[in-house]
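The structures considered in this document are given below.
One chain, subunit A, links the two complexes that follow: it is found with subunit B in the first and with subunit C in the second.
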Partner chain A sequence: MSVHSNMEFFVDPMRCIGCQACMQACTECDTHKGHSMIHLDYLDRAHSVQTAPVVCMHCESPTCAEVCPADAIKRTEDGVVQTARKPRCIACNNCVLACPFGVPKMQTEFKLMMKCDMCYDRTSAGKRPMCATVCPSQALFFGTREQIEELRPRSTPINQFRFGGQIITTKVSMMAPKAARAEYVDVTAAMNEQATGRTITLNILDGMCE
Partner chain B sequence: MSIASDNPDIIERFGPHLAYSSDARLATGVEPDKLVDTHCCFCGQQCGIRLKVKDNEVIGFEPREDFPFNHGMLCPKGVKRYLQGSHPDRLLSAYQRDPREGFRAIPYPEALDRVASEITRIQSSFGNDAFAVLTGASLTNEKAYLMGKFARVCLKTANIDYNGRLCMVSAAAGNKKAFGIDRAANPWADILRAEVVWISGANVAECAPITTNYVWQAREHGAKIIVVDPRITPIARTCDLFLPIKPGRDIALFNGILHLMIENDWLDHGFIDEHTVGFEAAAEHVKDWTPRRTAEVTGIAERGIRQAAEWWGQAKTSFLLHARGIEHHTHGVQNVLGAINMVLASGRIGREYCGYATITGQGNGQGGREHGQKCDQLPGARDVSNPEHRAYVAKVWGVDPNDIPQAGVDAYEIFRKIDRGEIRGLLSICFNPKVSLPDNSFITRALEKLEFFVVIDFFLSETAHHADVVLPGSLQEEDEGTVTQIEGRVIKINKAVEPPGDAREDWRIIQDIAKQLGREHGLTFNSPREIFNELREASRGGIADYSGITYEKIERQYGVCWPCRGEDDPGTLRLFEAGSWNPIAKGAGPFYFPDGKARFNAAAYTAPAEDVDDEYPVILTTGRVVSQYLSGTQTRRIGPLVDQYPEPRIEMHPRLAEKLDIKDGDWATAESRRGSVTLRAMVVTTIRPDTVFIPYHWAGRRSVNQLTISAQDPISKIPEYKVCAVKLRRSNG
Partner chain C sequence: MTGERIKATGWGVLFTLTLAILIVAGSRNLSHFDAALVGYTFAVLFATFAITYRYAMWLQRPPTALYWKRGWQVFFRPSYLVTNIANWFKRVIGEFALNNFIFKRNKQRGIAHSLIMWGCVLACAITFPLVFGWIHFETPPDDTTWYRTFLFGFPTLAFRIHSITGFLVFHGLVWASFLVIAGVMLALRRRMRDHGAAALQQFGEDFLPLILLFAVSVTGLMLTASYTWMKGYAYDFLAILHAMSVIFTLLWLPFGKFFHIFQRPAQLGVGFYKDVGEREAPALCRRCGTPFTSRQHAEDLIRVEKALGYRYEIEGSAEHYQWICPRCRRAMLVLGQGKLWQDVLGGESIHIDFPPALPQSSLGNPRIDFGPLGDEDKRNFHP
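After this line comes the complex of A and B, so read on.
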């Protein structure tokens, strides 16, 4: 049993309404009942009702696994990065600190790192993950690329992210406005000295400094 | 003896306690005995859900992806709704109020005997109308129908009304005045390709979360979303145009938009001429509502008003949605009429992607207001004062039409009558007025004046604290029946588990009381199906005609939208289509008036009953949060939902907070002429600076309805929950 290769996970923070249905449903998932593996935060409640849901992005080369000294974190052949294996996990927190998306959670009561496994028990059996099935705004969406293209003509899925010098390719995609390009903001590009890293479109920074 | 809502002994015994998953609900790999396809027990959307049942306990759920309205989607309440079953607070026997213990469990037959003898005593001493009945719009159609029949045929009291009085009645009255029928005009699928979606006074993302996806999907195809609200709610955050209206000023905005539509000739003259009456008078009425004046009254920037009118005026397709935000007012009906005028002037109704609807709030907000538990109504949305309607229903019931009482009074007036001693006894089911009615310290006093009060409920609600006898009723999943959801779609609730202990299905309890009274005529049904079949007959030929709906057709079609007039009739997905027939117009036109035409109604602007002044300078408005439902009888007992938003807060803008020296998280006291509440402040720029918001789901000292005003709309009798005047101060908690 494996996750059907056509089925993909898309996250669209623009649609999120902060209702927490995903978190509540996550606790109903058979592999980690009673615990939500989803992060959902207000970005700045004093000024906005905006919330952002974060599920595991399921990296092609998972940083969490790379930094694990106990080789406890496995990525399945169909590309799903699993919760740490209990017999191996030494609860060292390396993965928690290293994940660029801030996904893994240390469950101190079990001395175990737990994380979103894309409801592997469900998705590997042809079902959709709990969170993406219930999400009332479909900010979390699980389906085919054809479906997302038809349903979200204004957005485009992005699955490459740059953190400093590290470029990460993920199984899960973020929906971004179609006109938007992937911009990597490095402040040195707008400074009066040699820029480091990639060149950026200057008007972005100009806009930010207004 | 007075029992306070915060009585620690009663709370210790009856809760609210918080339920969390444990045992079979928490274990992994547990195989359920059966899966039951049914619907969520909460709001008017009635999302499909599949309950997992093991050993007569609901242990969890599976998303029900085959149900076409929600395709498996659920809000957090739907996800955790299963925790209301097997709850430690569940009433497993009848109770009697006891001076020493608070409440004492008694055998069910003894409780029935007491109820019947008290009803008999009160009615024989003070007349039939001295005993009143309060019901609710979370009851199934079958139970709602039965309650109306029980009051009229068995108790012969005029005084029955329901908690839809605080919910749907302004929309209902407005719709009847303008369209001659009270139902969402369109299926939600018509939102998907509307060019403009106008949302007035509806916190869609929190109160009807699944509807969000319909709205967002319209936007994906290019729709402009206009949201009118005093707060930037989650649906407003990414809308195309946000109009931050001052609470209580909605008519001014609707009139101002109609003014601009006329000025710019953004009108469908063909539709107006052929399908409506009253346009000239409405046009004359909005002449003075210039953008300048509209901006001054509504507190919305003039350019926003102009932009909204331009988008609305020029759209080819559109969908207008509203909810309690415009309806909970002393001019709630006028607000609704103002909104409908905008729709009629555009001609965009009765066609695909051209729609209008109020978003029903309660589980059976639609069906619960159609089959005779309203004080002025008989089944099929018939009128209790219409002799023909009375004669028809009397025939179905096998009674003399003269024996059916005339119209009674609304739910709030029932309490005023209790206060005046005109009503001495009360039976309440599916209603928690002590939390949900405005100015609720008056409600508490009235409850204590009753000579006899019987409550049917599954938990001991705060209202039930005042009961003399409590009869243990059924949870939604312990019975079957139908409800009518947000689109006018009649759907089937299926039984998942048996009621525990002495608890019984509500309809059995009502029939048990009738039998004990020796007046069981017409109240000897053996199943909800039998009740439904009689309801079909009683509604036949009425506006809300269910005669062609069967349980089987519902299951086969995933619901049937009424009117449905015969075996071969699949139901009516969309109202007012060209050439459609209805029993009032009889082919003259698509609207439910003898000439088949819709009505413009000049919507008169009036200020709220209690405007702000120097002493009480801030507007208080109330509403819901996503993790709680209505008076919280169920959701304040579900641990994960309580954890999500544990206590009400006072939302206020930093400009107001600074003036009062209140910081985010500080205790603050809001005080009106009726009461005060002390809660933590939530300082956010997402609310108008002249307004504070407090959600209403909590009881006792945290109840915002201690402050709200009992002023009501003269037509619909809905209370003005959305505006009253308060003063605020920093507090020490």
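After this line comes the complex of A and C, so read on.
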């Protein structure tokens, strides 16, 4: 079983309303029953409503797997980076600390790293991941490229991210404005950015209905 | 052949030769060596070479090599040596003998693993010394109702053949097979019923080891049944069948899931590394200022990432992306996307006069989410 090649995961954090439905649904997945693998952070709770829903981006060259001393993290042929293999993981935390997206979670008492595996029991059987199934604002969307292009004509999926001198290419894409013509999302350039809400921007809806 | 392979081959040859010498010496120049078991001996020798080869290759990967070195360094650090030795005993009992962490993962998984593990430990403790000629039994010439056990040719325990001790000793492999079969049944039941396991399991990795353990146990039991109740019916055939299943299992040791038996002790080294990390300087996130791991761990990861060819260096005071905590990484990812939209949408901005601090992200739902290092966070970092 593998994830069908034309089905893709698209994330658009700007659409997230912080409802936490994804977190609750994530705990229902059979590959990590009872444990939510999705991260939902408030970026600046006191001043902004902006939230950060983060799933595993499933890197083409996963840093977590490369730095694993036990060789416990495997990427399947369909590009999904699986959670640590239970017999091998020695709970060293390398993956947790090296992942550029801050995704893996260490279950210390289990001596096991667990992470989002795109609900592999579901996606490998042609279903959508739990989080994408329940996301009301479609900040987390699982479908074909044609579907997302039709739904978001002003956006384009980007699957490259820059971290200092390193570009990481991922299986999961992030929606970015088409007009920006960006090749990648520059993550480290946003180190000193403020969460939305600290600055109120007017007129942003101009032209949106055209 | 690359340098790594030459090194691994060298270690493989060294360990195999050492074992061969120990077999010859321990069996007193093969005088107690049972020629009928020669097939098993060669299978063990081959497995020794292959396991050592794979282990040596594994140890040469940059992250493994660094942890291997650091594990020994922190264990023998004089100021922590006494605590480390105490922790070593505590962890060997809790994590290895009792499988505590596996029970916490899942009770059924813990029971299955304990049964299989103790069955295999018992079986190996009996068969390996017998096959190598390190243990043999002799009947004292003056009393044929007694057996004396010889270890490396030295006389040890004696017991009456028809006694409870004798019954328990001679049927040691039967008890081992009962444990293994029960464990394999539980493990197979989980693999056939659990949807999560069904999505990820592979035949060679997950099923074959269980099938092999089952085959070894059942064919071994059939041998006992043959000579106990069936007057040795089909004994020769069963002996060959059992030998084939054991030899195949030995040869499979280095390749599949069984290799975790040799990898797992690395967990001890990791424990000592973390212990020392907790007591020494923490790494402070260069964006939010929060301690998120030990300084040594962050510096070691920078070394490993460079050795692997990653270039996470950042211009400015942060220097390297490894100095940013996981929570800030997630925030920066989203802020990076937000910046793209802000640049495009433009508009007229009203700046509110908040203090110019950087946004401090917090967990959306601390009841079902937690810091990246789980319990360790609560103990040491992200207070």
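Definition applied: the second predicted complex is superposed on the first by the 180 of 210 C-alpha atoms of A that agree within 3 Å, B and C clash if a C-alpha of one lies under 4 Å from a C-alpha of the other, contacts with A are read in each partner's own complex, and residues count from 1 in each chain.
Please note the rule applied: contacts are C-beta pairs under 8 Å (C-beta built on N, C-alpha and C of every residue); 3 or more make two chains touch, one makes a residue touch a chain.
These numbers come from a predicted model, not from an experiment.
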Partner chain in contact with A:Ser124 - subunit B first, subunit C second, else both or neither: second
Contacts of A:Gln138 with subunit B and subunit C, given as first, second, both or neither: first
Which superposed partner A:His39 touches (first subunit B, second subunit C, both, neither): second
Partner chain(s) touched by A:Val96 [first = subunit B, second = subunit C, both, neither]: second
Which of subunit B and subunit C A:Glu60 touches, first, second, both or neither: neither
First (subunit B), second (subunit C), both or neither touched by A:Asp78: neither
Touching partner for A:Pro104 - first (subunit B), second (subunit C), both, neither: second
First (subunit B), second (subunit C), both or neither touched by A:Thr188: second
More subunit A residues in contact [subunit B versus subunit C]: C
Contacts on subunit A seen with subunit B and repeated with subunit C across the two complexes: 14, 18, 20, 23-24, 27, 30-31, 33, 45, 47-48, 50-51
Subunit A contact footprint on subunit C (complex, rising order): 58, 61, 63-64, 66-68, 95, 101, 104-105, 194-196, 198-200, 257, 260, 263-264, 266-267, 270, 273-274, 287, 292-293, 297-298, 301, 304-305, 308, 310-315, 318, 320-322, 324-352, 354, 358-365, 368-370, 372-376
Residue ranges of subunit B in contact with subunit A within the complex: 20-21, 26-29, 60-61, 63, 65, 72-76, 78-80, 205-206, 209-210, 212-213, 216-217, 219-221, 232-238, 626-627, 640-641, 644, 654, 664, 682-686
Touch list for subunit A against partner subunit B, complex: 14-21, 23-25, 27-28, 30-31, 33-34, 45-51, 128, 130, 133-138, 151-154
Of subunit A, residues touching subunit C in the complex: 1, 12-14, 18, 20, 23-24, 27, 29-33, 36, 39-45, 47-48, 50-52, 54, 63, 66-71, 82, 86-88, 90-94, 96-112, 120-121, 124-125, 161, 163-166, 174-177, 179-180, 182, 185-196, 198-204, 206
